[in-house]
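The data blocks that follow each hold one structure.
Two complexes are shown next, each including chain A; its partner changes from chain B in the first to chain C in the second.
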Partner chain A sequence: MCKAPAVIDLPRHNAHFCAEHLQQLCRRQVAKAIDDFEMFAPDDRILVAVSGGKDSLAVWDMLIDAGYRADGLYIGLGIGEYSTDSGAYARRFADERNLDLRVIDLREEYGYDVPTASRATGRVPCSACGLSKRRLFDQAALDGDYDVVVTGHNLDDEAAVLFGNTLRWDIDYLARQLPVLPAANGFPKKAKPLVRLTERETAAWCLVRGIDYVVEECPIAAGNRHLAYKESLNAIEATSPGSKASFYLGFLERMTPLLADRSAAAVGELHECERCGAPTTGEVCAFCRLVDKAAAHVPVPVELVVGRRR
Partner chain B sequence: MCKAPAVIDLPRHNAHFCAEHLQQLCRRQVAKAIDDFEMFAPDDRILVAVSGGKDSLAVWDMLIDAGYRADGLYIGLGIGEYSTDSGAYARRFADERNLDLRVIDLREEYGYDVPTASRATGRVPCSACGLSKRRLFDQAALDGDYDVVVTGHNLDDEAAVLFGNTLRWDIDYLARQLPVLPAANGFPKKAKPLVRLTERETAAWCLVRGIDYVVEECPIAAGNRHLAYKESLNAIEATSPGSKASFYLGFLERMTPLLADRSAAAVGELHECERCGAPTTGEVCAFCRLVDKAAAHVPVPVELVVGRRR
Partner chain C sequence: MKVLLRNPRREIEVTGGRSVNRLLDDLGLGREAHLVICNGTLVPGDAVLTDDDEIEVRPVISGGT
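== the complex of A and B ==
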């Protein structure tokens, strides 16, 4: 692109990028996503779901860099050393930049952790983890009067989830796989500003911006189907650069209109959980039921859950 | 399944099969496909598109075995030794069983072959080949008063094509990817009775039935995207047996209803080619234009086309 030294080659753009042009690319793609999908307005208060990994720290940095008002929320999931490390990266990022990071520790505040919840409920760990995070981010956004919850899901994440939903032709999941979900039925608005950026690009953003992040994958997630779908798509991308982006963006452009009727119907009849007030289809919501079982269970060390999967 | 020696293990059925039970499985899956998708009736006259490979010989054998009236048509594509060999296998199969096989040689009857057509028209070889075969099978079915053209596309083929169409979200192609297409607009009815069988299963059918077939892939097709999509799906199937079948059959069950409106609209305005009378959207159909260019071109040996792709 210019004469400055390249930091990354991007085959789908058929070019090498220097630090400055890489940042320009990222800023443009994020601005385009926010604009195209009407994610939020300049004055909206944003709550970023922070994991300590490259994507959530990159999206928080990009939002602040672009002048948005964005606070962070980190949830301590109790996944051994991985959680200790990722929490430290999240705190350091916020401290160094004088940003507002709230921390919720599952064990301290709710009496359980993800490995224990998985064992106590019989759910796969990623399911127990996702349920906990969704509920706590939603609640924090509503309590804190935020306009939108932002997550760091990137193009690779969304393409892999889309691939899984497509392999099963799960029409209800497909209908709801959107880069922005409006506030509705007691849920806050949610947006994914990184859907036009790959994980190589967000990693490069962190590199050139001097952002330290937890590099390891979650030890429990390692080997799950989501990662297998990513590998499949990476193999296709390697022979046909750009196919990952055209898979995901083509879905949004040409397929979601055909699913529009199903998107609303897929939510179902909701009312308030009689314990916590969150929207649910049952009497007591899945999160309250999970907390009941998990907090009553003897703590399960992460090694036991990882060992079981392998 | 029984005490007879196993000839094949089928993880998606979680069992090993002996020669007899393998045949039973194949017969049932083919009968179910013919029945579920209303492919043809017991007295229909069937024209089988025969390539000399395992799938087309297997489907022909299965149809005869089930009591249907089925003739074959083999097209000599002029793809060097591959065509010589595959033609010999097709002829021997028909001769040994006293079946009716018609042979059309592109070079002798139309003055071109696939490598030359590809070079003369600038089409990729698989596109020139597919156009030629579709046109000649259609014409032969109409001329011979056949009720339906049957092809040997198996579950792996259909899943790979579906995967490619899905990666591009090509809605018009998706809308027309059906196991049976009714006769319409001057096209004959078409059916794919093997869509519920994998290529391992059709190969096993040939093995236990003593059917010799050309084992090599077409040398020009080797390395094309279709084969890369098959490999991706095979990797997923290896970790989650049954996912290939659920991908394709789930599409038929849950997705095609959403595409029904598009299926008819996708065909477009058709009238007769002013040269050959075949249905076309232009004045002269794509096949007549291909023959014009290809027959006027100096013959191109297959090695040149294969060499160009690699």
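== the complex of A and C ==
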């Protein structure tokens, strides 16, 4: 039995862990996820979607620690001080470890930011945020010839999304909720190596590894439905440890094979956007249409869109 | 003991002599949603905190997808 002082108790594992064995646990869970879901090979070039938060920095750190070749991409979303701080954490992490981090600033490169896009389109900010990030990460991966885009989605994230999709019985979304999405139809491969780890575990990884990350929550995300789902699941987890893992991993094992045909059929007919060449079902892709509207709009400070919930 | 809370950031004073789990329960904070750092070091739920300790209760739940 290890005599080092425990730094964390993990009820779902019915055990306490010292710093060294917590790291070992995290490494093993990530290696298992990569292996079980055939996420990527040792020689693959990986592009990590970096936000400056605990999960993206943790996954980047874990991949480098495991010997993978991984570069980062940070997107400056223009969400006031939150974006300034998160960008600084991302840059510091990369600089300290001599890692390659590319930065795209929405306002500088595309003439808009997320708060302005929200006001220009009349949609909640998270919609413009998600669309922008997905498009730009995809494009960067294709332009840079990366084999896969990695995101920091963790077990809590996936369980909450699954919970929401199940509450609505959104079968199309359920069919596509996989830890790996293969490259297809002009989209790069995408993988989520942290899906076997909870947010508490990824945060603990950062703390024991001395990784500083942005702790303050995105001001636009506060109070959203996704957070409410996480609270509900954590209430269940408190009385029945292991429930989140059982819910999500059980879904992957038992339900996704039954939905496989639905997943394949759900992609509709795609062709190239006539402006940027990205895959789209229309003539002009959603991102180009967003840029058109948002870049033409007077800049809107984040304070004016805080409180518009997802 | 000084206790730093986040989101929003604020500091409160709480008497020591209680465990980390008890502190979270007393503050109405979920154990699965928080880590506790005592004098700069991560500590487990059954660690006992004293009046001289400097505590940070760090939320770990993020809101985006």
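Here is the rule we go by: the second predicted complex is superposed on the first by the 305 of 310 C-alpha atoms of A that agree within 3 Å, B and C clash if a C-alpha of one lies under 4 Å from a C-alpha of the other, contacts with A are read in each partner's own complex, and residues count from 1 in each chain.
Just so it is clear, a contact is a pair of C-beta atoms (placed from the backbone, for glycine too) under 8 Å apart; a residue touches a chain by one contact, two chains touch by 3 or more.
Every value quoted in this text rests on a predicted model; they were computed, and no experiment measured them.
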item: First, second, both or neither for A:Ser243, with chain B first and chain C second; value: first
item: Larger contact residue set on chain A - chain B or chain C; value: C
item: Partner chain(s) touched by A:Lys54 [first = chain B, second = chain C, both, neither]; value: second
item: Contacts of A:Ala235 with chain B and chain C, given as first, second, both or neither; value: both
item: Partner chain in contact with A:Trp169 - chain B first, chain C second, else both or neither; value: first
item: Touching partner for A:Arg200 - first (chain B), second (chain C), both, neither; value: second
item: Touched partner set for A:Met255, first chain B, second chain C, both or neither; value: first
item: Overlap of chain C and chain B interfaces on chain A (superposed complexes); value: 231, 235
item: Partner chain A, residues of chain C touching it in the complex; value: 6-7, 9, 30-35, 37, 41-46, 58-65
item: Chain A-touching residues of chain B, taken from the complex the two chains share; value: 166-169, 171, 225, 228-229, 231-232, 235-236, 239-240, 243, 246-247, 250-251, 253-255, 258-259
item: Chain C contact footprint on chain A (complex, rising order); value: 6-9, 16, 19, 51, 53-55, 126, 129-130, 153, 156-157, 160-161, 198-200, 202-204, 207-208, 215-218, 221-222, 224, 226-227, 230-231, 234-235, 237-238
